[in-house]
Amino acid sequence: MEETRIGLYVCWCGTNIAKMVDVENVAKEMESMPNVVVSKDYKYMCSDPGQDLIIKDIKEHNLNRVVVSACSPRIHELTFRKALENAGLNPYMFEMANIREHDSWVHTDREEATRKAKTLIAGALNRVRWHESLEKRTVDMNPATLIIGGGIAGISAALEIADSGKKVYLIEKSDKLGGHLLNVDLTYPYMYSAQEMIKPKIDRIENNPDIDIFLNTQIEDLTGYVGNFQTKISQDGAEKELKFGSIIVATGLRAFNPDSIKDYDYANFPNVITSVEFEAMLKSGKILTKEGKEPKNISIIHCVGSRNHDYHEYCSRTCCMTALKYSNQIRSALPDSHIYHAYADMRAFGKGCEELYTKTSGKDVIFLMYDQKNDLPKIKKASVKDKCEMLIELNEKLSGESVEVAADMVILMVAMESNDNAKTLGQTVGVSLCGNEFYIEKHPKLDPVATTTDGVYVVGSCQSPKDIPDSVSQARAAAARILAKINYGTVEVEVTTAVVNEELCCGCQTCVCVCPYTAISYDEEKNVSVVNEVLCKGCGTCGSACPTGAIKCRHYTDQQILSQIEGLLSKSLELQEV
Amino acid sequence: MEEKVNTAVCFCQHTNGHTDVVDISEVAAYAEEIPGVRTVWYTSSLPIADTREITRMITEEGISRIVLAGEQPGMYKTVFAKSLAAAGMKAENVVQAGFREHGAIKKFDTDRAKAILACAVYGVPFENAAIPEESDVHPDTLVIGGGISGIQASLEIADGNQKVYLLEKTGTIGGHMAMFDKTFPTLDCAACILTPKMVEVGQHQNIDLMTYCEVLGVSGEAGNYKVRILKKSKRVDPATCIGCGTCMEKCPKKAPSEFDAEISMRKAIYIPFPQAVPNKYLIDADNCTYVENGKCGICVKVCPVPDCIDLDQQDEEVEITVGNIVVATGFKPFDAKRVDQFGYGKFPNVITSLEFERLINAAGPTSGNIVFRSQDKKGNWIFNDESASPKSIALIHCVGSRDENYNKYCSKVCCMYSLKLAHLAKEKLPDAEVSEYYIDMRSFGKGYEEFYERIDNEGINIIRGRTAKIEESGDQLLLRSEDIEGGRLIEQKVDMVVLAVGLEARDDSEELAKMLGITQDENGWFNETNFLSDPVGTFAGGITIAGVCQGPKDIPDSVAQGSAAASRVLQSIIKGKVKKSIKDISLDYIESHAKKLSKIMEDKL
Amino acid sequence: MGNEEKKPKINLAIYWGAACGGCCVSVLDVHESLFDVVAAADLVFWPIALDIKYKDVEAMPDGFIDVTLFNGAVRNSENEYMAKLLRKKTKILVAYGSCSHMGGIPGLANFSDKESLLQRVFDDTESTENPKKIRPQTEYEVKEGVLDLPEFYNDVKTLDQVVNVDYYLPGCPPQTERLVEVFMAIVTGAELPPPGSVVGALVKSQCDECERKKSDNKKINKFYRPWEIEDDGETCFLEQGVICLGPATRGGCGVRCIKGNAPCRGCYGPPPDVIDPGAKMMSAIATMIDSDDPEEIAAIVEQIDDPAGLFYRFSLPSSILRRTIK
Amino acid sequence: MIQRVNPDLKKYLVKYGVQDWNECFHCGNCTAICPLTDQGFLFPRKAIRQVQMGLKTSLASNFDPWLCYYCGECSETCPRDANPGELMMSLRRYLTSVYDWTGFSKLFYTKKIWEFLTIIILFILVIASFVVWFPKEQIANFTTYIGDHSFLKVIEAGDLIMAAVVAFVLISNIFRMWYLTILKPKYKVPFIEYFRGIYVLPGVFASQISFRKCDTDGRLYWVNHLLLMTGYTLMFILVVVFLPKFQVSEVYNWYHWQRLLGYYATFGLLFGLSAMFIGRWRKKSEKFKFSHLSDWLFIIMLFLTTLTGILVHIFRLADMPYATYYLYIIHLAVLVPMICVEVPFSKWSHLAYRPFSIYFYYLKKAALSKQHKSKLAAAA
Amino acid sequence: MSFQPTIVSFLCNWCSYTGADLAGTSRMKYASNIRIIRVMCSGRIEPTFVLKAFREGADGVLICGCHPGDCHYHEGNYKCLRRFHLLQKYIKQMGMDEDRLQLKWISASEGKQFAELADSFTEEIRNLGPCKVKEVMETLT
């Protein structure tokens, strides 16, 4: 083993550090620490001359470790690592002691601050001795993409990727593309035709040589990692294998079945229909009751299965607006009808939506507010003298009155819920579910389409209920990620990963269950755990959980940290009693 | 196709008094010339309340297909679908030629409106017929706006190994999100999740970060835009500034801090906030004593780096060439002063949500203590750590939003952020009485409804009812509101009122829209190509929009849009080609192309 | 065979410090192999079996003994004296058994101190009658002269805390087969591992040998003492909520306890890279607790009555904290 | 009681006003901004809700509209431009027709031609009766004998009969109002409160003091209204009740009480009316944005009455008997239909309903507070 | 003020270390007794490190991680929380005051909270007096 030769550099940071820390004294005193070959102080280490100083010393003094004592490593660790790289040294042979943010800026006694700086540096010096060279690693990126689900999200993503000439495998479990949108007549808030929007897209997909469409297809099994996935699919019983670099999950959702809500008695009233059924009526141009008559009184009940603890706690996001759209369409087709809404909160939040709400209000539509949590309306059969088929009883919140509403047709705005195979598919592709059985994203805000599994993205309503523009945006967002990676050609993987020493690992599998990224798997043959370094993000939780000490967390090894502790607590540097 | 399809074109355009709209009579004249058009109708003269009458007309004229033309003809679709179905035709044969849907809004778009109509009559989707030419694309991209959308778009493109210029008007990137304390519904702190991204931008080798810059003009065409940029003088050399802060310490001139929503003071030489990227000082020329009258110059004297501060530095103009432009300019908060009844600006403790956001931020001027506004020595109303804390706080939703008197639209985020603020207020001041006044609770996103429930159970009074007015009552504020669900009048005395101000288009967006050749809707938000299928594209080639500048949005949606815009950019770079503006396609071309496509479709059948 | 040069016999010593005697018995447990041992070695010192006095050892030249198997911890001045003496006289000093290796069961005395131990033994025990509060003396004058007794130390130490140790042969007691293997290796002059190594044990920990079914389903909602649960005899103890130190304990014993349906208590000591097996095991066990709620976690942790005694049953004096602090 | 939601009611109500108030999304702004809103009496929003849902019974028992003086604050700040203020106005018309058992009110409000016809018929009748019965020879000395010409007795008798009829209609309608708002909804008003409440009435009637609350940001509608109202009332009393004392032959000095009162009343009427005229004409402030035909008719007729009255006075002082006589006829011909049509059946009826609504408001509050107290007692 | 305790603090990179940095950039003053060790995640912190710190002379050990739910690695902080409880019980059994070891959540924006925590923890440890582990260990060798 080569001799450890450490270069120590103490930064003044102008007066920022030097004012509170006797930088020169520190540099001088620390020179005597074991293995320290050079110890220097300099005004601004991060400046170009400062970095040059390090590079020169590395070459001149044959240094193989460097410690810079300056500001927070969060600011300049990368800067100095690059300097080491420029000098031909592995960038990980470097450690920073933060004597600005954690010392000079927060303390008031110069002597104490100086002493603390020494301890911090001693810790860093101790630690850096155990540093090891780590190599940057990349994996090649297979430019093909697998898209699961042929709804609007899947279609948008497919076109986005294929339009740049990259291969797409589009898998759909039903026999046609288009998803739920195929059954939609108009869209809110601008009343654009859904068919006119989706049809040309399907045309383009079908005619795009870069897109392979697999209808009636299911995914059997999936292996691999970002850049290099492979899967077995079964299409009408025939199996096939595909290889690709990224996966977009766009499996969408399904409509809630209102059978379980007793108050609505969906099963027994022929003219209590779901929003899905009503949409089909609108598409066919025939708004008729089951008896073939035009309904005079139409009631729309919101939040059916949403925002209620007995069904789904979440808001399904699109129903309010869809219901408003219905009102406009009904008013257009049946100008004399009575339209009632039983709603909880009118959620008209998107572009153009509040305006549609206002517009709808002006069209003789009656909005009745009910308590969607505790007090659902009840649908009852009406008597002959009521001159209508059903009566809806509800406690109206805006007036505080109990009222009944005549109805010949009741439209239940059913909730959106996740597909029944969401869980199994999620397990296959490595995406977890959140509380409501929707797929969970990597970060709810800053990474809404990525998942904890690199290379797997969730878009559209399988992540949570969404309307068309939001689904399209998400699909595009995932496409951007994938295109960027494809354009790069390779995927960089975390360097400071955990690694299992197979000599020591006893196969207890404690680590397997603690890894948040399922990066550790158990190799039955060897009876050891194996870290998939592509998936590992380097948090080190497994290393702490490993009872045998077989897992090493690169750059945060036990040895490195324990030495740092020893350094920090060197006797000579302890605070004196005052 | 033995039988000829007889099409009726029905115009449903209502000008509502606007004059600069598509010329319907011209389009109608054009429509009559299209083969297959049997008759031209106008909804204004049709008995559209009487489907029987329309059905009769359909049967009489032998119409089997109806094209609805106009700005948003969808409103009439159902009546015609029903009539067609009643006449025994297919209800699907109502085709919409939506002018607005395909970007024909103004008078000069009349030709495009004709093309849209022609496509509809031929049964060819407009986007299939109107395929713009492609031109070579310059691989560099300009992103305008350094908020979260712009950051996301820049990172996305830069990660694809392409050069990005990220242009930001202020001295730091981060936008409004950087000002927030926590983000709903997970309550993780905005700085924790945003600053790593900002640092990533600052250190990314593919991103040329241009802060304190403005767009002066854009020329050229899709794929090859020349953008003139004004580099406002920072008067501090960012290359040599080491961020020590000595200058700021010594600078004698103070100005309201933009980052703190002007509830605290900063110096004339400053870093917008501690985690700003770039973390370099700059001089606010409007407030610098030296710039004003040539005296002072203390900062130069104390600066440890020679020649770092140059107080005489002048603004500079540069020109860059880019292939694509992403517009992510964001929003400005609604000016609460406009709502008289709330007394914002009159009563010191009526504050806006953005101010409150800074107030409760641990990194804000009061280190997260909620206190009363007080006056400093110079009479500025600021928040000062030493003031007392309020014992009761009320939050008022929909300030400036959902209001015919101000902005008609819903700002989408206020309900959620108010819930969040209420929670944080309660957390900081557990004994304080926190109330919320709302109209409709719009907690629509993932985990939002659950968040609402959670806040509802935290002892916060969430009251349905818009607050009508705020008056001073002794030391307190008297607020009048109706508790809609309880059916009673509420006259509540509180110590502090937080106005949940809505989002508005930025003042400079009109200017920018003109420069870039993109359009705005009536609320000032930028228009997307197609609301449904292309929420980030614009009609100008190579220009995409992302984030709130397209319409109010929460953070996840803004991020998704930032990425989505980047996807368009990357796609064009990978292909090497970018689509030009569809404005440049001639009517003749679209018409003949549509004819051709329709022929192909017929042959297929 | 005849042509083969006969190797000279080596000198072997076996000594016990603070030990139960089990280790010495384990040497006898070699049964017939004893003949091989005797054939290869001269037993020059083994108080339990041979009448060789300390002064005989003192008389030996330095390095006279080739191998000393030292079992038992260092508890008193006599232990220490003999450890130092034997170190001087021995070429290869082997810490034999858990007590000399890590402190072992006697090491648990480090939860207490000299004074309270003496008080318990000489005052408080129910069967003791000691009105004059007489305590052991290091010197006691009798007619014949001054008798000296070893001084009882405050702390239990491991052998290597007193003298340098060449090899460690862990176990309570060590597996006899392992002893024979090690011994034969030394005798036959096979290449020896670097000094300071643990010999006669595996590098991998118990789980490697353990035949119980293990999975990644290590989530613990409740801790059970072994008698509180009906062991299914198949599943990993940890997965059943029974604390088993197996993962942090070297293999080599043939998983005897686990085969006998008792969880491992850790007598074989930590695998090579582990400094403090108790700490490692605490870390692993705590990680398995299936809760994110602080109060629930605290409640589950409460179910472990005596973590220090449990996780450091054999290793307290060699652990980082070594003893309780007062 | 469960009421049926009736969307058709508001289609009918449109006839009483200009719009259907569907834009309202129930934020409660109008209620809260209203300076008169009181606990249990939630101004416009409750009424809007009743209109939107077509809750006829609730609407009939709601006298909130009478408490409103239409400051316009609610309409001004309404985020949906739903015009709650105008709704209250329209509801006052509707409620007038609800209270009115004769059905005239409904007829006049919903079929405008009937109101015109009635006015014209009465107009002609008055003129005709003069033509037929007035002794022609007295015309020449009409100015000097104005107080004691023989026909005056007839006029006086007619006057009193008209007053009696109007009073009967009004009083019976007020009883209906009481039935609909207090009795039918079963508010248990302690008997004593009826008497206590009586004290409230005259003062309120005279001053309309609560109107003052509505004068936010310095507008003086109250003063205006007070002038108009006192002027009118004074004139009404003078002309209808004390006609013999008022219409006298002797010309008193200008400072005589009779003339002073007359001048005050005239000034009040003129001032109030012109302010109303200008306001409605300009439609600048919220309260004047919309004007129902009945509003205009009332203003015009009152204005004409005043004008003709002034002219009669001037001509008489100028000793121009013929001019005085003809204008006198016109004056009466306008005055009579105005009082017969407007006072019991139309706009002017609010002079009775308003004070009584305050009386009932007082009673209802008393009932509610009693109910509240007994609830508390039961709970304890 | 007499006894100057030595405190070792383990901070996670994403929240707490950033929070401590923020305290620095905001120039908040706090006791200089705290010495910070950066780890990527509080889930990396092992009992061994803590015991080692006490063994080497620390009078108190402070562990800081992201607030529950905020962990950059999803749930590392929960792992840390579980270990912390057991470890506290252990050190108590070993005769130490369990308050010498504390676990606190500090987010990236809580610079002030960190500074306050540093002060309050120092004060608390000062009141507890010196930790004798190192002293005792020295008498043993």
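Order of writing sets the labels: A, B, C, D and E. Residues in every chain begin at 1.
Heads up, the rule we're going with is that a contact is a pair of C-beta atoms (placed from the backbone, for glycine too) under 8 Å apart; a residue touches a chain by one contact, two chains touch by 3 or more.
Only a predicted model underlies this, so the values are computations on that prediction, with no experimental measurement involved.
When the partners of chain B are compared with those of chain C, the chains appearing in both lists are A, E. Relative to chain B, the most remote chain by averaged C-alpha coordinates is C. Looking at A-E and C-E side by side, the one with more C-beta contacts is A-E. Ranked by how close its C-alpha mean sits to the mean of all protein C-alpha atoms, the top chain is A. The most distant chain from chain A is D, comparing centres defined as mean Cα coordinates. The distance from the centre of chain D to the centre of chain E, with each centre set as the mean of the Cα atoms, comes to 80 Å. Mean C-alpha positions place chain B and chain D at a centre distance of 52 Å.
Chain centres here are Cα averages; for chain C and chain D they lie 108 Å apart.
The distance from the centre of chain B to the centre of chain E, with each centre set as the mean of the Cα atoms, comes to 44 Å.
Looking at chain E, residues 18, 25, 46, 48, 52, 75, 79, 83 sit in touch with two or more other chains.
Among all residues of chain A, those that touch two or more other chains are 74, 346, 358, 398, 514, 541, 544-545, 558, 562. Within chain D, residues 25-26, 46, 80 each touch two or more of the remaining chains. The full set of touching chain pairs reads A-B, A-C, A-D, A-E, B-D, B-E, C-E. Against chain D, the residues of chain A that register as touching in their complex are 338, 340, 346, 357-358, 361-369, 393, 396, 398-399, 401-406.
On the side of chain E, the complex with chain A involves touching residues 1-6, 8, 13, 17-18, 20-21, 23-25, 27-30, 32-33, 35-41, 43-46, 48-49, 52-53, 56-58, 72-76, 79, 83, 115. The residues of chain C lying in touch with chain A in their complex are 203-208, 214-219, 236, 238, 246-248, 251, 270-275, 277, 280-281, 283-284, 287-288.
If you check the complex, the residues on chain A that touch chain C are 501, 503-510, 512-514, 522, 527, 541, 544-550, 558, 562. If you check the complex, the residues on chain B that touch chain D are 341, 398, 402-405, 439-440, 464-469, 480-484, 487-490.
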